[in-house]
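Alright, structures below, take your time with them.
Below are two complexes that have chain A in common, paired first with chain B and then with chain C.
This part shows the complex of A and B:
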């Protein structure tokens, strides 16, 4: 891995090898044998297959704005409910994207999901064409089942993290933040590559409107504990984006102090 | 592009349920304010940047010699410019000023200008002819709630830090000489008191009916000091109290449709004194440290009478 600035020479030979380029690298389309130009600053990441016939290069860097890519897994907030589709917001100040009511598992004209404004979904970007509205879908393309997509229930907490950190959490199995967290509490997590994380420790907070038939006093005590744990865990995850891996334990202990 | 900040039901639930149990999402207690980090420009007077959590404000004081208003020949001019651009957050529009912006500007105007924090008569050079005009320009760099408190703090620390050039009035008062800052030691402004704004947010966790009826119904009102953006988005009402360390209330402004108990108001004002003292102390220590650093760096000791040259 090397640090690349915009306009630098990437130092990748593309003569003998089929190359795919990812985020941060640009090539003038249509013209053969033009150089690859980095358009972002960041760490150069090249992956080759075993035979050495194909390679993929992209620049790993952090940005504030989320730009969708097809098959990204994202968390979106429903901001509008219409007859045929939902309007979903992936990040504040971005344009809305659409989520069709048909883009759910087993959805038919009669069997449609019932989502309300303000609820959040875990979804996959199914189409991204810069000049058109981006589309999401809430099922696993290969099986047609829900595959973990769909409504994220309201008992979990949603918070924002940096985009590169979300990618790291989602794709780097050697990244120990979540494993360390699992030593402290049980949790359910959904990581959106758009920098949003849904997290629930224990049962989270009670969902409003859903009456609980159990003893209410007992419920109260339980949910306060879960609420505290969830917030502590969220705090730990948020703080870990600013410290080196050696300090994770320290941050974890500090976040869970008094619990 | 969306201009508004959307908040998901999940975040709303966690903020509200947390508040009901005295927990805040960032781990503070309900009546704890974030503490400001102040940076003072070392090479000039009157430029400060204040970080208050993630809220970030810069403030510059400048001065010029102008003719006073005819009906107030002894008073200098004092203007505070606080326009919020979309640099702070895309929720603010560049061209038109929204409700928030007007509110912040007015609140600062009331707290600082109309409370006579700056002695306007001390700005007079030649009565009726020449006075100092002091301009404070506030730039909002990032928004994470609570602009009013941050702005007031930044304006006050900048005003206390600023020094205007020394002026020599020649006999007869027809001609004045403004000395450059490196020619003669500049003069600090005369600050009469230091107002501190503090904002409480109110949440009604109970029935919405108690908002309208006020009394009678059991109120589950929670008050929170110095809210972050998420907390500001779900608030029901808010209260800005401006105090100074002499325990004088400079202004009280209560907005939003939530009724407030008179006793509660008294209690909150009293509790705020602790924070006013803390924040005034932060201002004082930062300014003293900066003064000392400058004194050493510029070898100002050499200017003192009897200094060993």
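This part shows the complex of A and C:
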């Protein structure tokens, strides 16, 4: 992969071959010949099918600002509750996006979700048109079931990571960070590619106000342990974005020291 | 020979940033965006650019406002605004050390433009092309060679000095900004522009590419 700056020659020929372009590459609208230009600084990535009839090109780069794309899986905070929809914030200072109350599994006019301000949801971007408000949905389109989407438990811990790192964690099954973490503890994780991760180890962080009377056999000590493990795991995931893969083990040991 | 140091992505809380040090002058530039626009600055079809220039000491006045306007006009044609309708991009240029003489803005303008490039690339803002700026001073002695990235003393002593910004697109360069000051002739200016073009292309290939490459290496350090 080669480093590309805005305005460079991409060296992609588009005649004879069907081309799809992804992030970082732009086709100037209204011009007849298909001239593709890079618009970010990044690493060029081209994939071709075996027959050589199709290709997909994009620039791999990191940015801190999240721009929605359809079918992105994201974590958002509810910042407004209205009769027909919720207002959701995906990242600080971004425009709010909408989540319709009908965009939940089995939702009807009578059976509607009951979410409050400040709660977080795992959702999928269902429509993104820059000129209009972005929309989210909280169910799996193919099955109509929840598919892991929906309200995120308040006993989990949400923290921010770099956007490119979040993409790698979510889409690359060969990426070892989470596999290594599973040797230390049990965890439940939701990765939003808007750079937010929801993490819960064991029973997670105890919710203040909610007393432990439901399962009274669980001691305060256990809650403290789950809390500590969650924080250690979050710390480990955050630290790994700054080191090379050989050092993951070292970071893991350091984060879980004394646990 | 001038000394140049560029660090991209130095500010943790902004979307893109750059610390730019040249000849002992220092500027830090941050980019935030695209973010939600305030109602009064929202444009329905394109991005609204907000450029803020802050001097080393004191409050900004008309001198800084003029710089802001020049930078904004330049960036407006470089950033692909149609990708971010109804959004705002904020560019803040904070000078840390500058040979501040109220009557000369060449060095500051040059630093601001160059640092803005790195900060915008760091933020991942969509741009049609790259751009490089340089300052050229014509020394008073007849027949002596041009000075690139001069010091403030050299500028004050010079016959004329020019800020030249070129956009770079597949080795094709276009002038996108020219600020000249002093006495010069048409023929002389042509030579200056040609020399500046070579200088800008060199900086683009050697410095800009290197800085972005090392930034990418840092960003993808966890990749095996």
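We adopt the following convention: the second predicted complex is superposed on the first by the 244 of 259 C-alpha atoms of A that agree within 3 Å, B and C clash if a C-alpha of one lies under 4 Å from a C-alpha of the other, contacts with A are read in each partner's own complex, and residues count from 1 in each chain.
In this text, a contact is a pair of C-beta atoms (placed from the backbone, for glycine too) under 8 Å apart; a residue touches a chain by one contact, two chains touch by 3 or more.
Since this is a predicted model, take the numbers as computed values, not measurements.
> Touch check for A:5: first (chain B), second (chain C), both, or neither?
second
> Taking the superposition on A as described, I'd like to know which of chain B and chain C A:18 touches: first, second, both or neither.
Neither partner.
> May I ask you to decide whether A:249 touches chain B, chain C, both, or neither, giving the answer as first, second, both or neither?
neither
> After the superposition on A, what does A:179 contact: first (chain B), second (chain C), both or neither?
Touch partners of A:179: none, neither chain B nor chain C.
> In the overlay, answer first, second, both or neither for which of chain B and chain C A:119 touches.
first
> Taking the superposition on A as described, I'd like to know which of chain B and chain C A:241 touches: first, second, both or neither.
In the superposed model, A:241 contacts chain C only, not chain B.
> Regarding the shared-chain residue A:131, is it in contact with chain B (first), chain C (second), both, or neither?
It touches chain C, and chain B stays clear.
> Scan A:39 for contacts with chain B and chain C and give back first, second, both or neither.
second
> Under the stated touch criterion, which partner chain does A:198 make contact with: chain B (first), chain C (second), both, or neither?
First partner only.
> Which chain A residues are contacted by chain C in one complex and by chain B in the other?
In the superposed arrangement, which is not itself an observed complex, chain A uses residues 93-96 for both chain B and chain C.
> Hey, which residues of chain B end up touching chain A in the complex?
1-3, 5-14, 17-18, 21, 23, 25-27, 90-91
> Which bits of chain A are touching chain C when the two form their complex?
So the residues of chain A touching chain C come out as 3, 5-9, 26, 29, 37, 39-43, 60-65, 67, 93-96, 130-131, 162, 164-165, 168, 177, 240-245.
> Which residues of chain C touch chain A once you look at their complex with the stated criterion?
Within the complex, chain C contacts chain A at residues 14-16, 32-36, 44-45, 80, 82-87, 121-130, 167-170, 204, 208-209, 212-213, 215-216, 219-224.
> Provide the residue numbers of chain A that touch chain B in the complex, in ascending order.
Interface residues on chain A, with respect to chain B: 77, 79, 89, 92-96, 116, 118-120, 152, 154-159, 198, 205-208, 223-224, 227-228, 230-232, 234-235.
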